[in-house]
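A, B, C and D are the chain letters, set down in written order, and residue numbers restart from 1 in every chain.
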Amino acid sequence: MVRKLKVAVSGLGRMGARHAINYLERTPRAKLVAVCDPSPTAIEWAKTRLETSGVTLYTSFDEMMAHPGIEAVIIAGITTEHAPQSIAAIKAGKHVLCEKPLSTDVDISQGVVEAAKQNPQLKVMTGFSRRFDQSYRNAWAKADAGEIGRPVVFRSQTCDKYRDDDYFIGYSKVSGSIFVDASVHDIDLALWFFGQDSIVKSVSAVGTCARYQGLKQYGDVDNGVGIVEFWGGKMACFYACRMMAVGQHDMTEVIGTHGKLTINANPTHDLVEHHESTGIRREIAQTYWDRFEPAFIRESNEFTEACLDDKPLPFKLAGAVQALKIGSALQESLRSGRKLFFDETGARINESMAKL
Amino acid sequence: MVRKLKVAVSGLGRMGARHAINYLERTPRAKLVAVCDPSPTAIEWAKTRLETSGVTLYTSFDEMMAHPGIEAVIIAGITTEHAPQSIAAIKAGKHVLCEKPLSTDVDISQGVVEAAKQNPQLKVMTGFSRRFDQSYRNAWAKADAGEIGRPVVFRSQTCDKYRDDDYFIGYSKVSGSIFVDASVHDIDLALWFFGQDSIVKSVSAVGTCARYQGLKQYGDVDNGVGIVEFWGGKMACFYACRMMAVGQHDMTEVIGTHGKLTINANPTHDLVEHHESTGIRREIAQTYWDRFEPAFIRESNEFTEACLDDKPLPFKLAGAVQALKIGSALQESLRSGRKLFFDETGARINESMAKL
Amino acid sequence: MVRKLKVAVSGLGRMGARHAINYLERTPRAKLVAVCDPSPTAIEWAKTRLETSGVTLYTSFDEMMAHPGIEAVIIAGITTEHAPQSIAAIKAGKHVLCEKPLSTDVDISQGVVEAAKQNPQLKVMTGFSRRFDQSYRNAWAKADAGEIGRPVVFRSQTCDKYRDDDYFIGYSKVSGSIFVDASVHDIDLALWFFGQDSIVKSVSAVGTCARYQGLKQYGDVDNGVGIVEFWGGKMACFYACRMMAVGQHDMTEVIGTHGKLTINANPTHDLVEHHESTGIRREIAQTYWDRFEPAFIRESNEFTEACLDDKPLPFKLAGAVQALKIGSALQESLRSGRKLFFDETGARINESMAKL
Amino acid sequence: MVRKLKVAVSGLGRMGARHAINYLERTPRAKLVAVCDPSPTAIEWAKTRLETSGVTLYTSFDEMMAHPGIEAVIIAGITTEHAPQSIAAIKAGKHVLCEKPLSTDVDISQGVVEAAKQNPQLKVMTGFSRRFDQSYRNAWAKADAGEIGRPVVFRSQTCDKYRDDDYFIGYSKVSGSIFVDASVHDIDLALWFFGQDSIVKSVSAVGTCARYQGLKQYGDVDNGVGIVEFWGGKMACFYACRMMAVGQHDMTEVIGTHGKLTINANPTHDLVEHHESTGIRREIAQTYWDRFEPAFIRESNEFTEACLDDKPLPFKLAGAVQALKIGSALQESLRSGRKLFFDETGARINESMAKL
């Protein structure tokens, strides 16, 4: 009989519940054996949806970790628990897939990387879902094959649909601000296409609260644009937005010396177009889940395969810290109004010391 | 000084007035010298718009023809006058550009062709405006260069925007029915891409009055589809419609053995897209003029150039009769409900005689 | 514990193997318990891919049917076995999902419908995969909500990518010709959008062998166009092709009195566009599987749900016979060169009897 | 008879020759009476193309200005002559259309504005051709009607097709660098959509020479990105590039609180799509003239109409100086590597003084 990876999921919030279902139903080589969440509502949901399929429910992470036979843990609870639970799971000898961000704090994130380094036999990954998206993979394969020459300019956006409530305000409080929470995906993609060893030379960002004034209290904005310059003549331009009318429009352009690739420049959710008296209309994804659901499924399957077959993961954990560092720098630049400078080793320097 | 072609325009209706303006203002090598129209309204318009630029106005075609120095005549009045005026102008030694159709009657149309044949020094053309459209030209050049192999299937549509009045009903009375008036453009394009010497093997058509019941009295429909089979393994599928919600959507596909070309499969009027809460919307042309205005300007300039420099016209007059014959056959098939058959010479035969 | 539907799959060819994997791995409420195929190659594949997950392998359909506990059978072997196996399974009290076509013969297909009628407690469905496609469903919901008024004209195509081998020739021998094998999907969609009770008034079709001369021996073509007229002022235009250069381009337009819906008029496989010196290029699906994979997964899940929860299937089995009848009429019209006529009850009549 | 505006054109280089032809042939209410250019090649061209239509040729600007009856002058020679000739023409009582930039120097540009202010009866305009483009006008009308709420983020690019020669290097020497020459159009558009009274708060830019190393000697780059922050919570992100593979891709996005407008996000040159084995391909404009030719024609016609009928020009001359100031600031930021700061009056301040 085929061997299946025994998986546990920590946290059954929006994303955690989706992970649980994915490992239960859409990851053939995995077997979801246990989940944990302190919330009674979550447990209620899990009784109907998971327990009936033989999954054991826990309200405590530690108790769940004692469940016999767990080989891999998906960490998807509140952000502040990401790093401690990841480290605990690594120390307990489990493979770990931790939702992004590892932490909103660079040093704490680095702690997870250190723990993983000491356990090189374990697979430890963070959930950069776009890395598993068919379109990004197709674009990357073309770029990697040299079809656009050398990538020079990278432009990428994460734009959420406007919500007529204060979700984004509450979310900002815990998730880190827009460049850390949303742009971090675009930053990770920039590092993918430019090379994971790219070193930042300067960072500058601006932003505004156009629709959610409540974000100001957290030093956050609902529209932010930033430029990250890398040593070696490469630059990235990021845009993050919480007020798109049309839907979730995450888009990327990679401009090379000999061509350009776009991913979702011309968005559409399905293949329908509606010809009506006011024009031709097409609909787009409304949420990140509408857009990236297949990527999350591929993520769970590839993570499982890497654990079972001891294959390399598609990207390195340390990249998450790199991306977080850049996101944090953008956020600092936004808040201070200042441009930040770094030397060829990536160390922060004063403007007066910058070779310009 | 540069020599300019002295042009007269007969008929100042919707299309005639546009021709007059095009020859007055947008055809540098032409000089509009005279126009005629029996309607007082038209003359009133011309007093302001044309007479002030030195154009002489007439209410009679014959009187206009006596105007000294006219070298070319644009025939754009009512359909029943197209052929007689064209023949008269040819006999008077003038170059002729006659709006389509030469006539709704095949024999009468043929009379114009005969008159032209007897005056080979004259340029005589009919107004198949799509032949001058940049996109059709680009597609034809690609097809002609062999980029799609041998064209096998041709699909083309002329779809007008729905009008909340009885314009199309009155129009049907004088212009010939939908396959003769509208599809004739698509048929002409099919002959262009398949070769002007293509011979029809069979014709069948169906249609319905979905929104304009008043068309029934003229044996006409507001939606018609027809198939024309040519000897040699080629076939064309035509669609004509008078009730599009979104606008004027004229579209063509040419499917070859090794590729396909589409013209306006993905229509847009300008380069704007509007992202709003219901989706991404773009507008399209509302009328044939919105869509083909630049083609009409190119038509007047190329016709002028052919007359002045004795260059060949881009297509032969006889093609107009061919296209009309096919349009008439589609119309007959629509009305009789029967499929029509033709032998290898293009002669009509009974079903029982058809080699099938 | 959740109850799972015990499923068996008959036939492990191209499509059967995909069904087996779908029921094994991608249909959470189903449990694949047995498969059968007479071919040693298929059994070899199944040993590695299915037996290791606890699926029992058989070389005989009858032996498989004796496997204890089977509740539903997927019939996906050779076309000639579709009807006999379906009838046998129905008589054995199993739910049945039979791949299309039930048969290339209308009477034999009707036999399956009769068997199903006598066992109304069973779910019996045929695999019209497009009915499960997200885009078609979205379009249908819009049409059903009246967003385009009354559907009047339906245009739909099934266009396969050209293959540099004789696959389509061998396939034609067993699958029925192009209108029966390929257009049957488009015909089924026409019945869906026009109403399952639509009655055919006339049928005419033409075609040619442009690239596969070997199809002629089976009375088949590689390009066929046909018009189906329905009583009540509705008409459908179908195009089927085996030589598309770019890929699998299945496309549909539904033109209503007040708007139009298109499905895949503007095809794309993913969200990447490549800007290169010759233009902007996007890739499309290469095969029906590339295009419809998610629809097949939804099909297996919805079929399973209907069986377990005794829910109605999304469409009626009888529709498959209706669609086959129309496809056969198109094929007859293609072969005879004649237009076929039907009265208001759908009974075939001579041209002389037709009210035209 | 209709009165025509007597126009002279100074400079018959690439753009000047096009202006001359536009006023000769495509501006019905204008009459081109004289042109000047010191270059024998230009005069040679003009002998054939202009003199034959009655246009008088001069090698000297001053001599041309003495030509009797000139009412308006188009200044299209070398950049360094733009301001002096404009001022001379204004002082001579002529209407002036001066190609952009008025000068690469802000103070010199301001001199033209001052001269125009002292002659308010004259029409003095600079050639921001995009202001006359149908798509930009359509978008602006929608924005002005409130269809996207309040514009907050503006993203715009001017991307030239790569040329396999050193044209851009030589051009950089005289035209000002990329932000002054190319992005000035985007900056002007930002001021149009945000309001001409928008005041800059900060500017930062980076860039690189990816393909044209020769640009470095002029402090210029072939790829530059910059952010301009305006007081009042608005920001613009500009991208300029000299190495696009696919063609001229000038594109703009205007993101408002309630919707977004894009102009040319999904570029195409005509309505043809080519389906070939590698995908579906469409071509785009290769040069700014391919893209904006109709806008230049509308420009000459509207300028002529404003002069003849004493109508207001569509935008103010002072805007050209505003745009140049911002372009120069971007260029300074690029060269210094520093972010620049401005107070609420638009006056330059030190970082230490900036309220951040």
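In the analysis below, a residue touches a chain if its C-beta (ideal position, glycine included) is under 8 Å from a C-beta of that chain, and two chains touch if they have at least 3 such contacts.
Small disclaimer: the values here were computed from a predicted structure and weren't measured.
Of all chains, the one whose mean C-alpha position sits at the greatest distance from that of chain A is B. Taking B-C and B-D together, the chain pair joined by more C-beta contacts is B-C. Chain B and chain D have centres, each the mean of its CA atoms, that are 39 Å apart. Put simply, the C-alpha centre of chain A and that of chain B have 57 angstrom between them.
In chain B, the residues that reach two or more other chains under the touch definition are 244-246, 259-260, 265-268, 274-277, 283. Remark: chain B residues 148, 150, 152-153, 155, 202, 204-211, 223, 225-227, 229, 233-235, 237, 239, 241, 243-246, 255, 257-260, 265-266, 336-339, 341, 351, 354, 356 touch chain C in the complex. On the side of chain D, the complex with chain B involves touching residues 1-2, 24-26, 28, 52-54, 134-135, 138-139, 142, 147, 259-268, 270-277, 283. Here chain A touches chain B in the complex through residues 244-246, 249, 267-268, 274-284, going by the rule given at the top.
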